[in-house]
Amino acid sequence: MAEKFEKLSRISVPELDEILGVPFKVLDDGFVRVIDYLGSDQAVVQAARVSYGKGTKKVHEDRGLIRYLMRHQHTTPFEMCELKLHVRVPMDTWRQWVRHRTASINEYSTRYSIAIDAAYTTAPGEWRLQATGNRQGSEGKLPPEQGAHFTEREAQLQSLAREVYEERLQAGIAREQARKDLPLATYTEAYWKIDLHNLLHFLKLRMEPNAQWEIRQYANIIGHEIVRRWYPLTWEAFLDYQLQAESFSRLELELLSKIVQDKWEECVKLAEEFGWLKRRDGRLVRNRERLEFEEKLARLGIQPPWKEEE
Amino acid sequence: MAEKFEKLSRISVPELDEILGVPFKVLDDGFVRVIDYLGSDQAVVQAARVSYGKGTKKVHEDRGLIRYLMRHQHTTPFEMCELKLHVRVPMDTWRQWVRHRTASINEYSTRYSIAIDAAYTTAPGEWRLQATGNRQGSEGKLPPEQGAHFTEREAQLQSLAREVYEERLQAGIAREQARKDLPLATYTEAYWKIDLHNLLHFLKLRMEPNAQWEIRQYANIIGHEIVRRWYPLTWEAFLDYQLQAESFSRLELELLSKIVQDKWEECVKLAEEFGWLKRRDGRLVRNRERLEFEEKLARLGIQPPWKEEE
Amino acid sequence: MAEKFEKLSRISVPELDEILGVPFKVLDDGFVRVIDYLGSDQAVVQAARVSYGKGTKKVHEDRGLIRYLMRHQHTTPFEMCELKLHVRVPMDTWRQWVRHRTASINEYSTRYSIAIDAAYTTAPGEWRLQATGNRQGSEGKLPPEQGAHFTEREAQLQSLAREVYEERLQAGIAREQARKDLPLATYTEAYWKIDLHNLLHFLKLRMEPNAQWEIRQYANIIGHEIVRRWYPLTWEAFLDYQLQAESFSRLELELLSKIVQDKWEECVKLAEEFGWLKRRDGRLVRNRERLEFEEKLARLGIQPPWKEEE
Amino acid sequence: MAEKFEKLSRISVPELDEILGVPFKVLDDGFVRVIDYLGSDQAVVQAARVSYGKGTKKVHEDRGLIRYLMRHQHTTPFEMCELKLHVRVPMDTWRQWVRHRTASINEYSTRYSIAIDAAYTTAPGEWRLQATGNRQGSEGKLPPEQGAHFTEREAQLQSLAREVYEERLQAGIAREQARKDLPLATYTEAYWKIDLHNLLHFLKLRMEPNAQWEIRQYANIIGHEIVRRWYPLTWEAFLDYQLQAESFSRLELELLSKIVQDKWEECVKLAEEFGWLKRRDGRLVRNRERLEFEEKLARLGIQPPWKEEE
């Protein structure tokens, strides 16, 4: 151990210290608060450099190293950082949230304490319609005049549910049983701790348009308000190499290759072989994989070769 | 590689094959079904023997080896086995279940499909009272005459909740939003896969008297009907070394040592030092740790030395 | 529970049953053997359908569903399958292998038994040269005439190490200590069990050209000989959407968009802004991110706009 | 959200801040240094209180709550704390260390950099003998005069190994291959981050007498020098309820119950039924489970009823 080690001070991030404990409001009565954290961009770099040994300190500068790690999915240095949040979330949303199994959780116990007296409510203009293309999404909204009815019915149901709950408690029924008919919209609270690698994975899944609107509101706050402040370099790299990146499958690459080489006929022929261009009554049958590819082409400013024939 | 390997056949357990797919009923409308499994008592032994090398095959016989592994918490051979279940559970119970993070889960999606039209109901004689000693438990029941009122109110609430849910769907509201006020008692279904080590940990926590009554019904079925058939030797060892074993803390061991050596006064003095024998108005103040120790003594057939003074 | 459930039979894969227990040889004295497995392509589909509910059974056919799951990273159904292998691997390679933390492992214990008397040896023509571009890779080989010297030195060293080891055992020195100077090339054996989702992740990282040659030999066998037989549909989808897919970063997409729209000057300008086109003495300075993009362009059959200027 | 939240400051532990970065020496050339940490005893309490709701703040004081959590294996609040260490460890010991899969690791890469030029050496008086009772342990030592020979041979072997390694590097052989015959005793370095719950589990397994001597030295430093400073209350509770606690199996409890009730004959009869008292030539045959029970009895100051007959 020839090396001399200096005494260290803890890594801290003043931008994050400033908002420690301060709630960011989400939905009508939810919030996200940072309770504590471990690490920073600098800690990611520090951990990565253990792997690369002493000799490399000058070669990469921090930003370049972080971008390299993110681009090549060298994920372990990002695991070296932790974020501890206090969140208040409707149970319905929480059901999705807890499916991320790599986090540590302490949730408010309705066996031990009386359930939080608040449920997530829906304004007349906020009733979303079932998506037609995507069986698990929503698109558009009910007109507020029509929504008003459902908002009223919601209030009626939530109020009865609370009334029944409190009636049970009054009669001495155990809290663990009294709660059984609370609506899924009832708020719960929890401490939620996760490392940065797994947090980014959570954000990637929950910030994307397919995620349910409610959990997206939480993910956006955590990403744009917290991680951005905490890890400016990692956040930028995450946006560039993950959130705003695009993966092309083997099939898509083959088609794209034909397109960029102006071999449109070969491209169409290939797409037919893939089964993407089936027709019924002369019109292209809906094919999910083809539609996804067309969206990627649109981002590149390209028309698919089969478009004109439609 | 001097060694010759023989072709293998898959390990199977005829007792479990017999009940594959057959539902065990739990609660009023729930169930547990075995979908598939990997391994057996023999597979535990087989994996353990990799660690110990060839030379030891005759030394231990299977039962002894399994008991040794269980006793000494050599847990990795038990990880070599997997159980895949199909379960139907009230969401309220499922909320506790999913906190076991080492399992794989595919749950019925109420974003994608219409919520299951069944909620867990409570018979008039099944309303449990809040425990007084334990803030998170229940003890005793409401008289059925009184319970009848709550059963009726439950039916009324569950019926309104379903009505509102279906009204929303009718109006074209997205399933992901329509479901928001379903009662926690609504049934969900899932495939749940877990390895034997983590399954036993789940059973240890969820079969114990402090676990909520509902999840205990599931745990008991999984333990007594499934694991017992699947792993007779492991199950026996689990009962002997885990479920029916008892841990004594450093403090309890010191007290027990005094008791068995008939040093009752020293024992009382020590318990006083531990702060377990505080009195108010001449009576022992409730002390949770002392009460737990007294229960362990009772199991050994011993009166605590301070009992007579009460 | 209106539904009727039929008794099930276990899912089995005859193509895999045929090779159960049969070793695939890897390196000079290593192997991979399938010991047991849980699931099949059909089990992936079965689990996915729990999430989607009954109504969807006819909508997707199996292949389409599996491809959809793989494309959209719906990973949980792939977790429903497990593979249990018996492997024999040099400890040096095993050090990389065990970094995959989601597997279950029982390794041969050299505290308990005498270390396996075999070390991985290198033929004269197999000494690889340090890569110049990639600090952690190799490229090219030493000429066999020159390699012969190192093969001889290796034999000398391995033989001394074994001699010293056995001398220690002879003197009664504890196995746990006697082993301390065995070479990293010494073979070890283990049972290794992992679910299909995590196995594919392992294969993705360990089949890629950057992975060390030795572990790649194992990964290739597991992928091409075992997973391909076990999960023909999943394997095909994995190749198309993972292994042979390509991710383009936000920066790359912007550049590609310019290229496909024939806006070459704008593309060069953008690349300059990204800092990819720095020059020294009139020549482009090596920039890793640019080189990676050039490789992706080559796959599409495109010359980068800055190429001609080099 | 009626509640008002105050801005928070980060939790810090001055006793730990004082030793941040300072290496604790272990073995001949290893060390353990704290790089950073998240949480404290107070953070454990804070997280537990989320579960219990507001009403309970005064009921338990911190020490009592932490002891309660530890005693009843309410482990999630302990997961809310993290420790990040920099360690230097022989690879042989590291092989055991990395089997704890819940930690995050960045290890020094010998593909990327030249291997650390230090191997763990053994002094003449430190050669341990193979245990006779325990196949995987050691007991007693070789006399130093005899040990001197082995220390010399070790030096000779380690020196040849390094010579061969450097010869390879000189010839341009890739680092990833050159390292293949380094002795297991070669030191490696890593950042190792783990939450407090899993750290205590690591310590429980690695501080116990059955753990190999080398890793025990690391575990003792981490426990007694670091965790004790960081978490005085948790550490005390860990010692009382985990490390110095003792589990009695169902069988042991039945026997103990007979003993404390002075039913010695019944106790002997029961032990016979358990198969613990088999005799050969009039002497008790070695039975591991019986021996373990006798040790527990000794700790209580009790002679086993069958002792006199031996």
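As written, the chains take the letters A, B, C and D, and residue 1 is the first residue of each chain.
We adopt the following convention: a contact is a pair of C-beta atoms (placed from the backbone, for glycine too) under 8 Å apart; a residue touches a chain by one contact, two chains touch by 3 or more.
Quick caveat: nothing in here was measured; it's all calculated off a predicted structure.
Within the contact network of the assembly, the step distance from subunit B to subunit D comes to 1. For subunit C, the chain with the farthest CA centroid is B. Annotation: 28 Å between the Cα-based centres of subunit A and subunit C. The mean-CA centres of subunit C and subunit D are about 32 angstrom from one another, to the nearest whole unit. Centre-to-centre separation between subunit A and subunit D, using Cα means, comes to 37 Å. Of all residues in subunit B, those that touch two or more other chains are 52, 56, 105, 109, 112, 135. Contact residues of subunit B toward subunit A in the complex are 90-92, 95, 98-99, 101-102, 105, 109, 111-112, 119-120, 122, 127-131, 135-138, 142, 146, 150, 153-154, 156-158, 160-161, 164, 167-168, 171-177, 179-186, 212. Of all residues in subunit B, those touching subunit D in their complex are 52, 56, 67-68, 71, 135, 239-241, 244-253, 256-257, 259-261, 288-289, 292, 299-302. The touching residues of subunit B, when paired with subunit C in their complex, are 1, 5-12, 17, 20-23, 25, 29, 31, 33, 35-39, 43, 46-48, 50-56, 76-77, 79-80, 82, 84, 86, 88, 104-109, 112-114, 118, 189-191, 193, 195.
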